[in-house]
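The following block contains the structure, expressed as structure tokens.
Per-chain residue numbering starts at 1, and chain names A, B, C and D are given in the order in which the chains are listed.
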Amino acid sequence: MDKKIHVSVIGASGYSGIELVNILLRHRNVTIDNLFAHSSAGKRFDEIAPAFRNRISLILDEFSIEKVAQSDLVFVALPSGEALTLVPQLRAAGKRVIDLSGDFRLKDTNLYKQYYKREHTAPETLSEAVFGLPEWFANKIRTAQFVSNPGCYPTSVILPLAPLVKEGILDPTSIIANSLSGVSGAGRSSLPEYSFCEVNDSVRAYKVGVHQHIPEIRTVLEQITGKSTPVIFIPHLLPITRGIYTTIHATLQKSVQISDIENAYAAYYSSAPFVRFSSTRIPELKHVVQTNFIDIGFSLLPDSHHIVLFAVIDNLIKGAAGQAVQNMNLMFQFPETEGLL
Amino acid sequence: MDKKIHVSVIGASGYSGIELVNILLRHRNVTIDNLFAHSSAGKRFDEIAPAFRNRISLILDEFSIEKVAQSDLVFVALPSGEALTLVPQLRAAGKRVIDLSGDFRLKDTNLYKQYYKREHTAPETLSEAVFGLPEWFANKIRTAQFVSNPGCYPTSVILPLAPLVKEGILDPTSIIANSLSGVSGAGRSSLPEYSFCEVNDSVRAYKVGVHQHIPEIRTVLEQITGKSTPVIFIPHLLPITRGIYTTIHATLQKSVQISDIENAYAAYYSSAPFVRFSSTRIPELKHVVQTNFIDIGFSLLPDSHHIVLFAVIDNLIKGAAGQAVQNMNLMFQFPETEGLL
Amino acid sequence: MDKKIHVSVIGASGYSGIELVNILLRHRNVTIDNLFAHSSAGKRFDEIAPAFRNRISLILDEFSIEKVAQSDLVFVALPSGEALTLVPQLRAAGKRVIDLSGDFRLKDTNLYKQYYKREHTAPETLSEAVFGLPEWFANKIRTAQFVSNPGCYPTSVILPLAPLVKEGILDPTSIIANSLSGVSGAGRSSLPEYSFCEVNDSVRAYKVGVHQHIPEIRTVLEQITGKSTPVIFIPHLLPITRGIYTTIHATLQKSVQISDIENAYAAYYSSAPFVRFSSTRIPELKHVVQTNFIDIGFSLLPDSHHIVLFAVIDNLIKGAAGQAVQNMNLMFQFPETEGLL
Amino acid sequence: MDKKIHVSVIGASGYSGIELVNILLRHRNVTIDNLFAHSSAGKRFDEIAPAFRNRISLILDEFSIEKVAQSDLVFVALPSGEALTLVPQLRAAGKRVIDLSGDFRLKDTNLYKQYYKREHTAPETLSEAVFGLPEWFANKIRTAQFVSNPGCYPTSVILPLAPLVKEGILDPTSIIANSLSGVSGAGRSSLPEYSFCEVNDSVRAYKVGVHQHIPEIRTVLEQITGKSTPVIFIPHLLPITRGIYTTIHATLQKSVQISDIENAYAAYYSSAPFVRFSSTRIPELKHVVQTNFIDIGFSLLPDSHHIVLFAVIDNLIKGAAGQAVQNMNLMFQFPETEGLL
């Protein structure tokens, strides 16, 4: 019989929280203890997420630390800023935690202040956070008490770049990433700029040069590769609900063949169950939507030293809830793909 | 040389107001005096509507009655409730007015209270309002001081029905109208239910049995045809920005041929420049988007006494700003199609 | 340990076929033997459906009867017309079959000829077909050798109507159904009318009075309720990929309360795992997309004898592949929801 | 009274051809003589483009050279390859021509062969072609007998780059352009890859390194600036109907302030009626859809020598039919904006 753990989700009414519940309900090794939400507390979960009727009857609860006493793991799916004060409480109570916010991804509190526009008030909790990118930090994640889940854009930028930077194939100072994201990346929003009429049939770049994922991309790539990687990153908003399409440009540091690139990816990802490398076949977003896969392809431009990488993910799954469950699977020695195929 | 009138628009920053400015800028007989908006007052119009850069340099102004002193006509494009207090001021100052809100469409103030959830505080202004449906009330509109512009749904329901009800072809008590609308019909909104992620890839009926356009449809049809027409009307929200698709069912009151239906429409609309009757060819929404046309088609079902009518409009043009300009053209003896083709 | 059956899918490269593979891969009691496709034979399944990379490595095969020798069940996901000649072969070989086409849904071969525009060449196979609507024919399905899976529109029309017609609440001669469908209902198409630019931002009714699902709706409702139900049905095409929104109008045959309607649905569907009745809460399409649920709601209009029913499904799941697996679950005594939650 | 010219359109049933008719119908100085189409010859134009009912009653005609005898100007809106043989006929007959295809944009016939995969069979006609980018070649266009209208992508790439390259602000060897295009850019297509279900909710890069607009971008930029500009260009397909969003990266060649960039654009475009430069305000696609404007903005990234340019156009207007009419306005001394505001 399958081993079971008990989990709770704080922030269950946001888009990432709902996706997390969706995955956890299909997971053979999980029992959901409690779902927490603030403004919807007291309502049934399936009232705020009617797609779940007949699948779950839990009532959203106001969080308090006693209510997670029975939980082996707590997912925090709150906006950045709110996790900052909550995670330390959970850690003080000895809980294992996976945090989906951006609050514990940057080890440098100065960078955090610069990009998140607030002081980091929990440096001790920060110091024990393990960055939850399973393809690179699986060993640390397996024993981690506290995992900080990666951002959606960084997942789509770091995974295609890391092998090529590490192998010295790319010039790490030449990298430019253009990302296109669906609107759910902005969370459940009532800002007029995310209303249907403002987004539909349009496209716009945003937060150019100031997006909070820029330092995450740079520092994690540097941590993995040992090289300075001042990636230029430009996000764009598309009229789709889910998904990220990332196109990355870089200069080759040496002359390479297609097979060299293929070998570099094989060396690092051949046993990674959610990385699908398609060589020179260009990925399409629709192939990863509703999945935990990242699809990666590339193109060597004719007569140049230029490589273009393409990577696609579902921002709510591999970019958030799915990757969080992948981390949970590692932390509790479940099969890495459980609940995710 | 073309005769010119001066006009002002109150509520120029909403979707209907912006569309109105778009049409008026192309109109050979119009000079725009002032554009009024409340929360955006002081900003350039093209700052809140950047699509208009290089086309207009006016600054949005806070409304006061003195500022329309030079205007021959004032358009009111405010939400229902706000027009209720403003239009009487304009009329007291002797201004000709076209009001795009729902505040002066229902002659019966009890119906207004029931469906709009407020008291009608301007019954005298109401009594002089002419319903601005040019295909049926052109003579009154030509001399009107105050025109109340029809609702978007009612335009799409009344125009296809009126000839057949009037001619006794349909049973007026059997009518069922299902309408599908783009999201711009809800105006510029920051409600979460109109956010991209909530609307995209979905459909929902709403305000079933209580939509404020129900009494407008019924009373105007009765006024035109002299018959009681208790139309059942169900609106639905679609993931498109603009347009209304209306499908109407009714029982035939007598045996008819296709040519009888064609003759009935020809009798009333053969000289109506914006009614395009396509007989048994089923209309498509895309053919009217960005135009002031209403396309009407029908189908006589085999082996039955049932007729289905189809009508499509752009809710912001024939359903709002375009029809308002069509009314202006009648009021000032301009060609009916000026600015609208 | 779970009992396992072996299945094959003929027509695995169409949208319904692909969806079927998606569900079967998650089903604990199924091993897929063979996937058949004609024009793609010889290619890997995940080449024509790259979303499945890392999930399945089967190669699409050209069908021959010997290749299903080991299969306990064969799904036929071919266009109507092609199943007509194939299913008899499978039955002659003694195979249990679930056919997703329209070829074996109409017991009256004259109706088939009228609506499908061809002769029915397999009346004997037709005579043994069980209509695969689990909520009404579960007992027959459990022992069936050959199940004809319902059409997508009929599923969305029959399920909400059957209890109310059977209970004598509705006038069965008054029923009008307006359905809105996503484009995947047309299958994988290269017709220009289904190109992105022709469909996007538009809506159109189609096949008015002649849609092949009309006789299916009428005859199955009559079979269930014992009453003549000459339903009027109008399909519309929407710019969405998946889903059907059906709005049904009918006249009440007697005075009813909300609770009467609730009781009627409870009497027939209280143990149906995929029917979610929401009483007077109006369903939204997004809540059923990617699921096997049908959501049903209703509205009693004020001051009238008119009821409006609303039903939503995912056309590829409850309207095709999901319902087929639900039928399989009944045929092989698996839990009815296995693979479908 | 306005001077009038007579024009004909060859290829009037494609998306660019239809858009051209739309603009020409609103143009005060134009009478349309003939609309030509091959497969739709004999049908009314408004039968294949029902949005034009009540606006035009012309019948599509099979082209022959005699039928343009009265035309002062002929627009050719045929696919590349077909214009190649037709334009020489028109020129031989002494007609002024604006060709919207790609057949006469590349002066180097070897490049044409490499990217268009066919021999260039009309080098003499090619030699007289003037590249129809009004912001840079107005003087030549005014007297041109034959104008080759620019491609949609090149318009969106060349216009933002030219001033900065010419002024030596950018390193011309560092330029990377990522473009996102709506589906109408592919023309009226029945390829399955452009069907609604394949495009909706997805994104994909395509023709990486081999797109036929690459040499057009490079050679025209070099012609304008006198510098070698080996632009890297990656097109992507988006689920929208109209519009191109282009994001361009380049390295600064010298230290600049925002005002330096502003001055560079002002120097070249201050009197260009369709270039809207918004400085550091990032453009949005929706502001140019249905217009002939190009909106250009930029961002100087903090702490780097990197500039990002953003440009948006409507691919069917500024990227095709609108720019063609702008060229016509220059050729016939009409106001440059006539028909286009």
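Things worth noting here:
Rule of thumb we're sticking to: contacts are C-beta pairs under 8 Å (C-beta built on N, C-alpha and C of every residue); 3 or more make two chains touch, one makes a residue touch a chain.
As the structure is a prediction and not an experimental result, all values here were calculated from the model.
When every chain is reduced to the mean of its CA atoms, the largest separation from subunit A belongs to B.
A count of contacting C-beta pairs for A-B and for A-C identifies A-B as the more extensively joined pair. Each chain gets a centre from the mean of its Cα atoms; for subunit A and subunit B, those two points are 47 Å apart.
Centre-to-centre, using mean CA coordinates, subunit A is 40 Å away from subunit D. In this assembly, the C-alpha centroid of subunit A lies 36 Å from the C-alpha centroid of subunit C. Shared interface positions of subunit C, i.e. residues touching 2 or more other chains, are given as 198, 201, 239-241, 284, 286. Against subunit C, in their complex, subunit D makes its touches with residues 15, 183-184, 188-192, 194-201, 239-241.
Here subunit C touches subunit B in the complex through residues 176, 178, 180, 198, 201-206, 208-210, 230, 232, 234, 236, 238-243, 245, 247, 249, 282-286, 289, 299, 301-302, 304, 306, 308, 310, 312, going by the rule given at the top.
Contact residues on subunit A toward subunit C in their complex (touch as defined above): 25-26, 50-51, 53-55, 201, 273-274, 276, 278, 284, 286-288, 290-291, 293, 295, 341.
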